[in-house]
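Listed after this line are the structures, all set down as structure tokens.
Paired with chain B in one complex and with chain C in the other, chain A is shared by the two complexes that follow.
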Partner chain A sequence: MGLIDVSGLSVTFIAAGRRVRAVRDVSFSVGRGESYGIVGESGSGKSTVLRALVGLAPVSGGQMTMDGAALQGARPAAFYRKVQMVFQDPYASLHPRHTVDRVLSEPLAIHGFTDRDARIARALDDVGLGQGFRFRYPHQLSGGQRQRVAIARAIILEPEVLLLDEPTSALDASIQAEVLNLLDRLRGERGLTYVLVSHDLAVVAHMCERLLVMQHGRAVEEMTRESLRAQAATQDYTRALLTASEGYRPA
Partner chain B sequence: MSVMSREWLLTEQPASRRQAHVGQAYRTWLALRGNRLAMVGLGIIVVLILMAVLAPLIAPYDPIQGGDLRTERLLPPSWQHLMGTDDLARDIWSRVAYGSRITLMVVALVAVIATPVGLLVGTISGYFGGVVDTVLMRITDIFLAFPQLVLALAFVAALGPGIENAIIAISITSWPPYARLARAETLTIRNADHIAAIKLQGASSLRIIWGHVVPLCLSSVVIRVTLDMAGIILTAAGLGFLGLGAQPPQPEWGAMIAEGRQFIIDNWWVSTMPGIAIFVVSLGFNFLGDGLRDVMDPKARK
Partner chain C sequence: MSGALLTVDNLRISFPTRQGRAEVVRGVSFTLGRERLGIVGESGSGKSQTGRAILGLTPPPGRAEADTLRFDGRDLRHATAADWRSLRGRRISMVMQDPKFSLNPVMSIGRQLMEAAARTASSRTEARAKALAMLEAVQIRDPERVFHAYPHELSGGMGQRVMIAMMLIPEPDLLIADEPTSALDVTVQIEVLRILDALVKERGMGLIFISHDLRLVSSFCDRVLVMYAGRVVEEVKASDLMQAKHPYTQGLFRCLPRIEGGTRPLPTLQRDAEWAR
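Moving on to the complex of A and B:
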């Protein structure tokens, strides 16, 4: 049994009277300290799995457990100390009227920390932003800097699990590598568990030991990094995905 | 004051919370200062405030106690009486000057009462949705179903005439549009990633609404309130005109127009002077509101 166990997860949205089954019967397990990837095209339900884990999406079936405790309904405050999330779009995930300082001190205030200044300083240093960024507004930051702030916000409560929802897809290529390296380093330093969602096989191959391929809300196949590198896919869809990601490389 | 220099205010690397906030406010001010109509509007409002504060100094006569009824009734504008006198031999300029206090009080109190109510109802309604939304919005609909002046008339009639009751009536009738506006803004904000992010930090609904949703709704509501100020002044004047607002001998501009109605052909200045005052102040608030919209509306921002 892993740190996070998901079995038979289904998520159904009801939009304008129509039922949309975004996730159907998905199961996976993530061990402590592991980095687990979820890959798929747009609309495959991969982000919805993350949102369901933290209670942002309506679960219509299946079980999720973390550390043996079932996850359902409203999560207790202690859950958010353990699990944090980094969102895809750093332009949407930071409040436009809040300074970096406010963004980072609010979770500390909610959870009753008293040594806020020291923690904010450390979090900013950890993500490679200096103290000079502390009192800036998001509009004074670049996309990469914003994503670093979002990562700082996620690690400031010292969680065990980070859920990464396409953390680099809104950034340009050179910044992508920097942010991925930062995430890699943080995992090494803090022994974090990652669940990384991405449409980019290269990113997942770089970051994750195991991965799950999803299509149309269903799990297609689970692979290890080695089998991915050996191109040992057993399903047609995965093979198509692999070919597509190769074809994308400059000739 | 050397720390408050331009560089200190506009630095990209503020060193403290206060510097960041003050700098942001200064940037907004700079943008507003560049808008000529907004500055005209602001100027008019500053003049109105000065007039209200300095009324005893700038008014040459008593606004309530008239002069000699035999010789000083209905005098046309002259150097003795800049705006003429009314049928009770009172100096109209003095009455307009003192009347600015009433106008300012109405505007300020209505803004202070109606804005928070509208903002709160709207954000709560939009954030929670479902039953809460339905109940609050149907109540809002009931208020919106009546023309504002008619509803205010009904409230004043029930509460009794007088300027305080007029303020209460106008406040009761002016919050629903703000609630609608705040709700619409909230609906676009509530599914934003930054709201999801603060939820995932374990924040309570109260903290999210107050700290995260309200600041984003505030600018559009403030703009709307500023643009509505003219309407509020006109409603107050309308109630005064109908005899349900300020009571004689209070120098309320709307009531003054009503008093001059019977002499409007022969003694035009009695009604015209307070009318011009209402017109200028309404225009000032509209200019300022337009300018604020250009500067603060997040949707109009490049």
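Moving on to the complex of A and C:
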């Protein structure tokens, strides 16, 4: 049994009388210390799976457990000590009128930490920003720096699991490399477990040992990094993704 | 030269700041025939501003100046508002990065597309048919539904495809595509590129493809300009991009993760102040 077990997960949104089944019967298991990727195109339900894990999506079926405990309804505060999320767009996920200091203080205040000052200093050092950034506003930071702040906000509670929703897709290639290296280093140092959602197969191949390919809300196939590298996909859709990610080929 | 659709010589774009004018594009020159020209660079390199300046869309108080800016024999440097109106959309069109800001939020997709089709269509029925056909051409699965939808009801990828459809309906001679496929899924991206490719090959459209995605540009375009800090640091044939000479281009390639595996940690780009000079 893994640290995170998801079986038969379904998420249904009801919008304007229409039922949208965003996730249908998805199962996977993530071991402690593992990095697990979810790959798919927009609308495949990959982000919704992450949101369902943290209780941000209306689950309509299936079970999720973490450390053997069932995840349902409102999560207790202790859950968020263990599980933190990093969102895709660092321009939208940081409050424009809060300084970095305030952004990082908030989770500490919510969880009743007393040594806030030292923790903020440490978190900023951990993500390679340093003290100089502590009293800046988001508009004074570049995209890569903002994403580092978002990562600092997630790791400041010393969680066990990071849920990463397209953490680098808003960033330039050179900055993406820096952020991926940072995430890699943090995982090595702290034994974190990652669930990383991305549309970029290359990012997932670099970061994750195993991955799940999703399409239209369903799991298409689960692969290991080795089978992905060997292009040993068994499903047509995965093969199409692999071909497409090599670039353009004239018909 | 008869082959050149667009000639740009020594394009400079500057914005006033408290420290004086800041030049964001510093002397960019290129010519474009009926081909696919890629402009790559990171955010802030001036690639988008270069694209906008060709359409006279440098936002004030920014200023664009050039020694030559000629499109199909017309000098665009002193173009009047009426000149621009006759060019924009009809002869030169542009697909912008973000559909959220480029589509009219209070008009249905269908109406916006029919507006684009109105000039070439003889009737409303024909305009409607054109709009629906173009939605299908950009791989929208349910064109009828999208036709009646409003922009907020579409995902980013769908909005982007709608934008592309809208820009292609008037069949322009030059299309400036600013990160047109960055919001799209890889499989859809390839389909959209195929549409653009067909337009270049069959209709002889000129295409300026602005992107940060080196791998995509190297596989799609004929020629590539690599921009850094407002300058073109390298111009190469797309097929030779892997063997690029400039350390910046090489560095950008190296820092991409690869499916087939590479080094861990990823090599990062070490910038050299020399490159910006």
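Convention: the second predicted complex is superposed on the first by the 247 of 251 C-alpha atoms of A that agree within 3 Å, B and C clash if a C-alpha of one lies under 4 Å from a C-alpha of the other, contacts with A are read in each partner's own complex, and residues count from 1 in each chain.
Throughout what follows, contacts are C-beta pairs under 8 Å (C-beta built on N, C-alpha and C of every residue); 3 or more make two chains touch, one makes a residue touch a chain.
Because the structure is a prediction, the values reported are computed rather than measured.
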item	value
Chain C versus chain B on the shared chain A, clash or fit after superposition	fit
Chain B versus chain C as contact partner of A:Ala74, first or second or both or neither	neither
First (chain B), second (chain C), both or neither touched by A:Leu56	first
Partner chain(s) touched by A:Met85 [first = chain B, second = chain C, both, neither]	first
Partner chain in contact with A:Phe135 - chain B first, chain C second, else both or neither	first
Touched partner set for A:Arg97, first chain B, second chain C, both or neither	first
Three-chain overlay, closest Cα atoms of chain B and chain C, distance in Å	12
Chain B to chain A touching residues, read off their complex	12-17, 19-20, 24, 192-194, 196-203, 207, 211-212, 215-216, 298
Parts of chain C lying in touch with chain A, wherever the complex brings them together	42-43, 155-157, 185-190, 193-194, 197, 212-216, 218-220, 251-252, 255-262, 264-269
For the chain A and chain C complex, residues of the former touching the latter	41-43, 143, 172-178, 180-181, 184-185, 199-203, 205-207, 228-229, 240-242, 244-251
List of chain A residues in touch with chain B within their complex	54, 56, 77, 79-81, 83-85, 87-89, 92-99, 101, 106-107, 110-111, 132-133, 135-137, 140, 150, 153, 157
